[in-house]
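These are the structures, in structure tokens.
In what follows, chain A forms one complex with chain B and a second complex with chain C.
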Partner chain A sequence: MTSRGARLSMNVFAAVLAVLALSPFLWLLVMSFKTNAEIFRFPPRLFFPVTFDNYAALWETDFRTSFANSLVVSVSSTVVSLAIGVPAAYALSRWTGSGGAAITLWILASRMAPPIAFTIPYFLAYRYLELLDTLTGLVVIYLTFNLSLVIWMMRPFYDQLPRSLEEAAWIDGATRWQGFTRIILPLSGPGLAATAILCFLFAWNDFFFALILTRTEAMTAPVAVVNFMNYEGWEWGRIAAGGTMIMLPVLVFSFVVRRYLVSGLTGGAIKG
Partner chain B sequence: MAKLNRRTLLGGSLAATLAAPAVNAQGGKPYNGVTINASCFQTTYYEYLKNYFPQFQEKTGIKVNFTMQAFPVYNQRTDLELSTKGSAMDVCNVTFIYSGRWIGAGWMTPLDPFFKDAKYTPADWDPDDFVSGAQSAMKNAKGETFAFTHEAGAMLNIASRYDLIEKAGLKMPETFDDLVKVCDAIDGKDGVKAFVADKLHHWNWIPYLMGNGGSVFKAPPENLTPTFASPEGVAAAEWYANLLMKYGPDGQLSYSDDQAMRAQMSGRANMRTQAITWGVPLVKDATSKVAATTRFALMPAGPKGNFPGSNSHGLGIPAGSKKKEAAWEFIKWAFSKETMNMIVEKHGYPSVCRTSVIKSPKFKEVMTLNGQDVAALYLEVLQLGGKTGYMKYRTVPVFPQVGDKINRAIDKIATKQQAAPEAMKQAQTEAVQDLQKAGFKVDP
Partner chain C sequence: MAPSLAVLAVVTLLPSLYLLVTSFTPLNLTRPETQWDFSQPLISYGQLLQDERLANSVWVQVKLSFWTVTLQLLIGVALALLLNVKSKLLEALRTVFLIPMVLPPIVVAIIWKVIYTPDISPMHQALAAMGWNVPALITDPQWALTSIIIADTWEWFPFTMLMVLAALQMLPQELLDAAKVDGASPWQLTRHVTLPFIQGVLLVAGLFRLIDSIKAFPLIYILTDGGPGSLTEVTNYYSFQQAFNFSYLGFSSAITVVLLAATILLSWIIIRSVGWGTKID
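Up next, the complex of A and B:
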């Protein structure tokens, strides 16, 4: 087989794999434009009358508030996690003392047990602090989980950046902070993008903590979608439309930062 | 004698309004400014009822902050809230499958001091009017009541294409043998599978287990030794798994309640033994293709009798509530004869639990479906559950865990991963472990 033929076969194979991997999403997307009767038509039709009623219905329900809550909570927790975690990762990377490795390990503590292990303590503490059903409460929860991710993802980036870069800046009169913000931070763009998207995804997709720690005011979109499963019948079209809406920001965000994503995820893998 | 003028007339009318029955026996608005938090899973009764909350507030001064969530979301949140004795809720739904756990653990408030005291409740509120079968899940072993019911499920045999059964020269099956006979005759006719069920075998299968002479536990709630792997249980499991696989549509082992209903509604599947809640939409939903051909009958009986499933959900007051009197005012109003009759009359609600409402001409009119008096069938099933107490198995605290084991066993038998005796034995062993972990004694 010629190399061109081989490449063509590989491309076809990749396209088939991509369609297979995306088929649940495509099914959901198509379902969101169908009426309930059309959703349950058997066998399903390839061409069907398209309806936007499910999306319009989302707008009329509390889902829009929950969607906004999800955006606020995810963006806030991502920004705060990066704001705290990135300098922390840099500091740990440059720490020459003996405790650095131990501290880095302990930072992972919040990830050492399944989330359900933290449920009762968080619930009781939040009730005492009156943080139940608040956006602040959710941001704090996601922050605690995302901080370890930020530190563990960003530290290898800083490890691989030669210290001589910031030392040169110090010789030129820069402070340590200026060396970090003007020299080191701009070089860690891909890592920041990859870390940001993972933090955003964790907060955006979280169902468990949003289920336990919210009621109505701070309910996020993943929980709101489940609320279309009524006792006397599920609203399949709205569930599909809500699911599609939930996937949309992640797709847009990933598309925007895709250039950095691969290098960001692998950047710290090989030191040298 | 006081002079009759506009002011005294207005004052008199206002006093009469405030002293309205079933609102506050003391008259006045002692709860003015009080807000109570109430919660339930999403169900149509409260979708309808919340339209009348302003009237309740006008009468009592109590503002109701009522939230509804999806069934699994509600149960998860409420279980956590109750288990930590929180005061966030003043009124909550007592979900049938959790009633044993929530009541047994002391997480709910006994309502007897409220409904037995004329200070709080007038005699004509009539607590005995609630169907005994529905109420039995809301009581503890001492007979104290912890909730009043607003929603009951009564298992019936629901055929979406009765015309196919008639065409085969048969009628609605009355026994398990009849059921198989009818399934054999109609399966695949007009592209319709004969039978359908959802994946909750721990609800759907039990009537077949009991009809065959088996039981889930030895003598619930006193003796919770699992007994469903008995020879009768194994035979019932094998029979039921065969019924599903031979006559059911592909993929039904993963069907939710709603998917099974949609299979019937779209004319893909015919009979289903399930609560009436899932049968009424076949006739009343605008998108149903089987509205004219749907028929209802009692659940078929087994060699040992007829044990249709029945369940109920009710409103109670969490033990941690700090506004119990106001909470009772709400329950009293929400489930008064007047309110329930109004919901039936104005909205056609089909699952009420008050006998007087079920027997009312309006309810009969609402529940006369395709010429059939379904209200009578509904009441018969609810009363059956209350008479012999065979539904007690379902309200014991550990039933959710045991039910999971039953679900898995039936799935394994249906998909031929395991033979019935082994699958049931394994499920029973695991159920015993669950019970022992939860601190229950089981017979050796």
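Up next, the complex of A and C:
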């Protein structure tokens, strides 16, 4: 066993390291509560008059609409992905035919593909379908990664549920679909919740698809905040406030699902 | 159940096919008649081989991927070993260290834009106070790529850390005890017991990061826009420029098909190294 002293110093060392590692993040957070003069002040003061002006000013702009767009798209994407993906995950879990490895590859590659690989064909198709700059267009393209994510997360979960469960229901005269909705689905609670949150986060975090496929109407918050950077004279306070608002839901939700992050990102390659 | 798989096929396979088809045309958005022009199907692929800017972008990509994956693995393992002790504080810190990875990529890019902008950067101000006049790193040819590598490493070291921590939890205590009885030092324990145990996880974590590094976009878009010159222009970024700044979608599709093929190949390697698809039960 390590001695108490060594243990203590290790704790202190780790804590200092954590503060150092997170300082860039904390800086942005603090910056969002500073006046412009305070942002350019050197040396920075630890205690400064806290202002919410940046947030107030931000809320006066179109950022408000973009933030709402982000919410709508992320929630819709989550609902649609779960509705389609959960049955698919269950079906794949009970798959006995050949080609299992090929399907796994298909789903993993969909998750890992560079966004531009989907953006080009979707962009071309959306020009004809008139889906450019629409929320629907974003929800559909987000299926490329979220549908794969749902299958990826839920399939190992269903692998662990014994087949005898639904087989018993079939013997009692239930259809395949009833076996799924009445027996399997109610058992999926915790995994389903974690998957839903991850879906929301991936849709919420997207920047590339929204950058290309939206202009004004359907612009999401990450794209809107970047637009502040193109103005004459950088509005750092507002940019920091916008960044903080975008990361807030992410931080809360990630904390809730931190145990599922490993499997969410690697699909059970490593059990977390 | 089959319909749900059909949806996945429609949203992923069909567009991939369309991408492949487009890569056989010289599609230029300013000339609509080029969309279905298959008279010279391989013209874009021919250009790929001669395009020096593309060759440069591949080299930038190799440098970026090599350094970020290496640094993330090193830092991730070091931190995981440090934090893998039963202690309330350290367990809480594990969660705290995850923050950079879960932040929206665009926020990470903004954070580093602040750090790298001399006017408001605490780093630049501190260095200047110490008498060092450091150039703006993201516009400095010598530092631009390094500054991207630093930001990317910061964003993703938690991923490797998390995976290694998960693996360490499965390290059987008997293995460590047995080595200790044989008189192994802490360093020897790490070197000969722990590291061999986690090497499989390191391979998978590295592969995941490698694939992701091919997608690097928000950091480059916000920090350097591929510059100065094309010093930080990775292949993905170059393809984006060709498609959506210059409207050469045909050429860009050809580049992207190659990127997609690389992704599929690497995904396949992951599947092989984890052994998915060969059902255990």
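General observations
The working rule: the second predicted complex is superposed on the first by the 207 of 272 C-alpha atoms of A that agree within 3 Å, B and C clash if a C-alpha of one lies under 4 Å from a C-alpha of the other, contacts with A are read in each partner's own complex, and residues count from 1 in each chain.
Criterion: contacts are C-beta pairs under 8 Å (C-beta built on N, C-alpha and C of every residue); 3 or more make two chains touch, one makes a residue touch a chain.
In this text, all values refer to a predicted model and were calculated from it rather than measured experimentally.
Shared-chain residue A:100: touches chain C; no touch with chain B. When the two complexes are overlaid on their common chain A, residue A:216 makes contact with chain B while staying clear of chain C.
Using the contact criterion defined above for the overlaid structures, shared-chain residue A:15 touches chain C, although it does not reach chain B.
When the two structures are aligned on the shared chain, A:84 is found in touch with chain C, with no touch to chain B. In the superposition on chain A, contact of A:229 is made with both chain B and chain C. By the touch criterion defined above, A:42 reaches both chain B and chain C. Of the two partner chains placed by superposition, chain B and chain C are both touched by A:124.
Once the two structures are overlaid, the count of chain A residues touched is higher for C than for its counterpart among chain B and chain C. Chain A residues 40, 42, 119-120, 123-124, 211-212, 226, 229, 234, 236 lie at the interface with chain B in one structure and with chain C in the other.
Residues of chain B that touch chain A in their complex: 41-44, 67-73, 76-77, 80, 84, 86, 88, 151, 256, 258, 261-263, 265-266, 268, 277-278, 281, 287. For chain C in complex with chain A, the touching residues are 1-2, 4-5, 7-8, 11-16, 18-19, 22, 35, 79, 82-83, 85, 87, 89-90, 93, 95-107, 110-115, 117, 119-120, 122, 125, 129, 154, 159, 162-163, 166-167, 170, 201, 204-205, 208, 211-212, 214-215, 217-218, 221-222, 236, 239-240, 243-244, 249, 252-253, 256-257, 259-260, 263-264, 266-268, 270-271, 274, 276-279, 281. Listed in rising order, the residues of chain A touching chain C in the complex are 7, 10-11, 13-15, 17-18, 21-22, 24-25, 27-28, 31, 39-40, 42-44, 84-85, 87-88, 90-92, 100-102, 104-110, 112-125, 140-141, 143-144, 147-148, 151, 159, 176, 180, 201, 204-205, 207-208, 211-212, 222, 225-226, 229, 234, 236, 239-240, 243, 246-247, 250-251, 254-255, 258, 261-262, 265-266, 269-272. Interface residues of chain A, counted against chain B in their complex, comprise 35-37, 40-42, 119-120, 123-124, 127, 132, 211-212, 215-216, 223, 226-234, 236.
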